[in-house]
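Two complexes follow with chain A in common, the first pairing it with chain B and the second with chain C.
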Partner chain A sequence: MVDRWLRREDERLLTGRGRFVADLRVPGCLDAVFVRSEVAHGTLREADCSAAREVPGVAGAWSAADLPDLPPMPDAPGVEGREWPALVKDRVRYPGEALAVVLGDDRYRAEDGAARVRVRVDPLPAVVTAEEAAGDEVRLFEGRSNVALRGEAGRPIGDEVWERAAVVVESRYRQQLLMPSPMECRTILCVPEGERLTVWSGHQAPHRLRHDLAGLLDRPEESIRVVVPDTGGAFGSKSAVFPEFIAVAWLAVRLGRPVRWVEDRRESLLVATRGRGQDQQVRLAADADGRLLAYELTVEADVGAYPHLGVAFPMQTAWMATGPYTTPEVHATVRSVLTNTMITYPYRGAGRPEATSPLERTMDVLAKRLDLDPADLRRRNLIPPDRFPYRTPTGRTYDSGDHPAALDLALRTLGYHGWRAEQARRRADPAALPVGIGLSCYVERSGGERGSVHDYVGVEAGEDGTVVARCGAASSGQSHATVFPALVAETLGVEPARVRLIEGDTDELPGGVGSFGSRSAQIDGAGLQHAATLLIEEARERAARMWDLPIEETAWSDGVVHPVRGTAAMGLSELVKRTGPLRIDERYEADMAFPFGAHAAVVEVDPDLGTVRVLQIVAVDDCGRALDPAVVRGQQFGSIVQGLGQALYEGVPFGDDGVPLLGYGLLDYLLPTYAEIPPIDLEETRTPTPRTPLGAKGAGESGCIGTPPAIVNAVADALRLDHPERLQMPLSPDVVWRAAA
Partner chain B sequence: MKPAAFDYLAPRTVAEALDALAAGAQVLAGGQSLLLEMHLQRVHPDLVADINRIPGLDALTVSDGTLTVGALVRHRAFASPGAVPGPLGDLFGRAVGYIAHPPIRTRGTMAGSLAWAHPASEWCALAVALDAVVELRSTRGTREVPAGEYFRGPFQTAREPDELLTAVRYPLLAPDTGVAFTEHRRTGFSFAQVAVGAALTTRDGVITEARIGLANCADRPLRAHAAERALVGAEVSSWAFAAAGETAAEQDAAPVPEPYADVDYRRQVIAVLVARTLREAVPV
Partner chain C sequence: MKITLSVNDDAYPLDVEPRRVLADALRDDCGLTGTHLGCEQGVCGACTVLVDGEAVRSCLMLAVQCDGVPIRTVEGLAGPGGEPHPLQRAFSAERGLQCGFCTPGFLMLAAGALERDPALGEEEVAALVGSNLCRCTGYEPIRRAITRAARDHQKGQDGRHLSA
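Entry: the complex of A and B
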């Protein structure tokens, strides 16, 4: 049993034998360094690379003017007339946007060259919030509005609903910009060899990257091989093609030499994709008994300087606005607004934290108005287990769930009544620091949107008795090499050690979608189980023919096919030797699923300093069937810590010039470290999705979604705030002190 | 980011180091600030003089009531009980745990902190509060500068570019001195938003001497003279400490705004921390 839960990756990674893109040794490889704009918004007057080319060890240096054929970013919906060049041509639209690229024999020499590139950008006024930008006083694209997209989910709610309600709570919230902050920043290494181009990249979607690069370089997809080696995290930030990737791939092909770009932390904080970035306004109506009548959410989304990638993602927030409640009327509207910041893009949670946070915070305000226990208010409104599948007013059909069970388990695990008693005791003692208890119930969507909830899966039996599993997922640290072979082995009834996984290499797979949106266990896992089942069927058919029996007279157990009656038996190895190659290749189609749960937090606040000490976090998450409990716990834990980061620490402050004030990197952008991690109790309920035989739902994003509002609610509870709007994340001590004052 | 090209020299004597400094070298001791700045390409030394191989600079000695801290004494040396006698050692021991994190405390040096002069530095605040004296040597000679005159602004000191900060000297604190150190910061590893070190002596419930050092309460480390004056002669009381906190915040401090800590908030934290530090420092 122990073997099954031992991660296969651990020994290699923990003994320094991992191989990331930066570790690959390629003779004659050039390192790329980008000269970046120190101005957020401006007109490019000059980018002169001539001095850089004289630096010893520099192989070349180019601005956009030197590379007239360099293709721009691929088109995306909503992008017409708003081209995103790989290198700035005439207008800088976000700080750090690449003005020139320098290639050197190593990174040191390339940086020496980059320091010699002469650039001049005349600044323009910069707009860094959606509110500022929506007025179009400063336009990012001449003749075009900064408002790039409008959308809605649900139907408008009539005035009479608000007028009739016993209580209407209105509030505004900010979901601040966050940096996904994987340990390894973005990487790409392009190696041209004859007609082929091999691309190594820490990436979530190798086939998508191949497709995009083939289009950009105007060559057949088959001429490109994309390989994903060990990858140090992604959290959504590594699923696209980026301007730097285009410059690197294009120069590698043009020069006929390997070229590598390894983004460093300082670049990453300037130009990696950001998450969240929404200004929200809500109205929540309830009757006197606390039954929810209507909920309205208005989102102003900051989508960054170019509408290419993240422009439609705020719709995820609109579709999920209903949350886990039976609210009969829900209406959400979205405006995506361009600003002078690097683009907003999916970051762990991707639209669902932004949906959960305003609703759950407003639920606590409503409870206070109605003088109800926040747990009771939620219980009165949670979707009952017998109402699934449940169609929401915002267009989702939730597959399954038992929300009251998750909430009750969270309260029990927390010792809810005990903490309420402690809270009362401290409120009676003027010397004691106040404690607060915060709850958050959530439902999220995993697997992806319709049209993308499929993947390539395959299982192949070898003559030597081994089994190869293949799938279109790409691990950036989620232990696929452990989990998927174990699942296939369990399905086939063989030892896990006999099964190995191949993924993340476009030459080894006929297709693939990738790993994002908590889809891998749910889609690829279900697909691999399905493929293994098909392999068993095929083995039985072959055996039936060999033994001249009807297929019903054959059976499969423990990796061996045998006649129902009699003692003959044949293992996979023997079967392949006798009957030829045995390989299943499938395009497995599934459906989205809706993981859910309840989180609770207890905090102690020092009102004089505004400091928040998290005393306990409880997370009850339901991801259906957990394929590997240890790996799922790792996902829960990590995403809770990232949720803690959004609640208390992380944010991107801007100077008046629109440039982020993050000059000292992670000393300025504060990620929670082990010193900040409170006691965390992880629990689970198990409601398998009925949409696949496997029953797994996504597990990776729960903490980012459930934890932040639980913590903020706890702080508001500790301070007994009537105006929780003053608590906007991150709850840095100055924010809490002001709210307490 | 990678540093620009530079030459590296590892002198074996102070004299060799001073020659290198006269030729424009920057000093590498613990490297915890210099190397980061070089990687960020904020400093571009042509020559780096690594003083780690000079014998004797790591000495920590006490004689005639004075503690002398050599240029290579690492932060973590002060975490050992008894490394420095009496209340001064107690105060250093309380402060050292707030300095960055264990790997930095293993490499970084107290003298390096004083040479770098970050406004949030714990050691710099204590140096001004405790009347430390900084020893500066160059090929031109040796001079001693009181800490109160040494700090000139953020990362600015009285040290000339060709001078090596060879030692810091502190008068020991009297055995009946009470000490405390508190710090406010956003995460366990971030810089202090405010840090306060205090040393108090009392007689019959009346404060006879007070020393208060403030980190990150201005563009340089401060000694809270006004608050100290208000305390001397006052009876030990929460009220007196709260008043001293207000005085330190309003009169001594000159807070600079930064993200997540504007001037109003900084003054609030200074007032609270000074009062709390003083309460904790009351000798038992």
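Entry: the complex of A and C
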């Protein structure tokens, strides 16, 4: 019955035996509920928990004043001095910020208690856009500017470049705030036992969480065990420590009792990290033949209330501003501005969608100005395959790529000329709804930045003939338990069933970095392959000693070491029995890689209603070697649908008071449903990264990067907009109707 | 209030507050944590279970409304001998799950529909898939899985007819 389940994760998840943090039964566990600010910005006058403490079943209730030693969030490097308290001390800076925490015997008691906490916040004017906030008329921190970071990539472009260009296109775009929205919100369960603290969390980076908590609680890292059980999606939003985590861990230790926080959707929509959040201005210059001369991108990022990793993240956009083109001069500047909203943070794509979208939208405008086919314009400028490694003006060195092949495959798969003919036919028919065709070529970065492009990997052979693989990644739905053992098994030449994976438990691993930035296959995968190769070498050395042969006289095949000549052979089990434990532990490091591809979309627009019907999406993605092609296709498809969400449905609108207008939860924040899924054709090209022997690049983020501009370009094309600035995502009927008018 | 929840043919005598929602009673009082809570406002459908054969959002129903009414959750989906339900096999075969958090809701929604009408048509399947939220798969694999299960289900029934 081995074949019944395609993935090792499937049986438990399909039979109700998955174990997510909320599913763990812990005797005496208290549930945490946070009392949250209903205003976006204000002065805290009162947070009185005394009535809450009288509620039956409430174990305790605390405001910041009741917990003077409660540590604040760890400072992000380079942006010190603007403290983010775990509970508001005197100033509320984002709606939903926690004013008090109530612990109860169960969620009902804790909610009862929370309802009795008396809070009073005097509102201050709230600023939610970068433009408003950058003026510093309303300051989030007294005496400090709201501008938290300035940065640039590439060199400033001289006036003469713009003057001598045949065409210069200027435009502005908004990359709206998005909620990553994993189906399981954030979770943490802290169980103190003697000197140890066990932390269960649906998390992408267990070792980072352990490190942060150890610092915050001022205790040795070894005294904390972080375990990541089944995790219900993450998409970038579960890789940090959060204010609520600090309160929960602190109280668990202080009370000596297990404490759990399971974020609900209502609070998630207020206080979970959000992605994107950039106002962008671009200038793109070309000569009369459509050869790109210069590109300038100015980013004003609204990064939320407190300096954090999200402050520096717009630099990803700046570094990737060059895109897949040979543009000789590229300059990107970034200003990150604090605003009265929960922080921005990596969300699937994280900086690369924000780089791809303005460039690809502007390419279509340029094509129109030059009266060129948008595919031809791109083809004239794509980096040719023989130019790799390619160093961009914005400081990236792309490892490998065949962009023209990806574009051509996308056009072929779409039936590009057929759709152009259909478009012409409809344009000649006044009764027909217009169709538009949109293209988008992208290049992304996967693996991480220098300094974090490594992970712990290990392979161990047991006496019983089984093999244990270990790595510092943490799965939140990416099938690691299936894919990594298969890779190790293939390398060793043994049956996959003999190999199992251990990850997501700091007690079981000497170290680890985690899963984010599309790094698991690229770094951990390549590392596990490397570790398995080292294990083979070690096995051959031991066998050579045993048989008194030079190592060159030994060979490895199908999980067995044998002499090159002769019939003796020894499997791993026998070898371990004869020579002792056989275990490889490595810190594997590689360089970042650059997946790429081309997406195309066809839409039909009803200009009278403003509705967009996506007729077809084609995605050609190149992630080098795909460890498990079906798993990669699953990632591609899901990612495209999230990209569709950004293009057409998702966004965070604010009221004048700075509070998000998401009062009806997921009825206001529109995640795509099946009713919105168009026909999607997935294709791939395979250009391995030369930076690891495995050749895998990241695969999970392509759809969020490539799809949104393809769809928006298609809508602009359908409406024949000369200057599509009025089309800002999400393209709701209201936005499209106004643009068409 | 004293009630008895009858879940997957097991009786759970409970003493619950009238306000307790069914999902919490199933998860915390019956220990059946396969039913997941994704939004607690009836939108996402992760908590879907069958109450008297009808698919309901268990976050929007009170436990006391279900006193004595047969309830089925994902833990009761497999056959009596532990034989997987055609839907469970099909979800794996079609890669209809990634993180698996929303999966029990889709399974129970589809199980209820298949039991009512084993010959689910394309439109019915599309309406079912469109009822719940998934953030990982993009839904198409879920649609394929339910379609495949409907086919297998029918084949299985035909098979039983033939052998009878």
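We adopt the following convention: the second predicted complex is superposed on the first by the 735 of 741 C-alpha atoms of A that agree within 3 Å, B and C clash if a C-alpha of one lies under 4 Å from a C-alpha of the other, contacts with A are read in each partner's own complex, and residues count from 1 in each chain.
Throughout what follows, contacts are C-beta pairs under 8 Å (C-beta built on N, C-alpha and C of every residue); 3 or more make two chains touch, one makes a residue touch a chain.
In this text the structure is predicted, and so the values were computed from the model without any measurement.
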Looking at the overlay, what does A:515 touch: chain B (first), chain C (second), both, or neither? neither
Looking at A:667 after the superposition, I want to know if it touches chain B, chain C, both of them or none. Which is it: first, second, both, neither? both
In the superposed arrangement, which partner chain does A:187 touch: chain B (first), chain C (second), both, or neither? neither
Quick check for you: in the superposed arrangement, does A:264 touch first (chain B), second (chain C), both or neither? both
After the superposition on A, what does A:423 contact: first (chain B), second (chain C), both or neither? neither
With the two complexes superposed on chain A, say which partner A:675 touches: chain B (first), chain C (second), both, or neither. both
Looking at chain A, does chain B or chain C touch a larger number of its residues? C
State whether A:327 touches chain B only (first), chain C only (second), both chains, or neither. neither
I'd like to know which partner A:440 touches here: chain B for first, chain C for second, both or neither. neither
After the superposition on A, what does A:107 contact: first (chain B), second (chain C), both or neither? both
Please identify the positions on chain A that touch both chain B and chain C, taking each partner from its own complex. 107-108, 264, 266, 667, 673, 675
Under the stated contact criterion, what part of chain A meets chain B in this complex? 107-108, 111-112, 115, 264, 266, 608-611, 649, 651, 653, 661, 663, 667-668, 670, 672-673, 675-676, 732-735, 737-738
Residue positions on chain B within touch of chain A in the complex are 1-5, 40-41, 184, 186-191, 193, 259-262, 265, 268-269, 272-273
Within the complex, chain C is touched by chain A residues 4-7, 9-11, 13-20, 22-23, 25, 106-108, 181-184, 230-233, 235, 264-266, 476-479, 630-631, 634, 637-638, 640-642, 664-667, 671, 673-675, 677, 680
Residues of chain C touching chain A in the complex: 17, 19-20, 24, 27-28, 31-41, 43-44, 46, 73-75, 77-78, 84, 88-89, 91-93, 95, 97-104, 107, 126, 129-130, 133-143
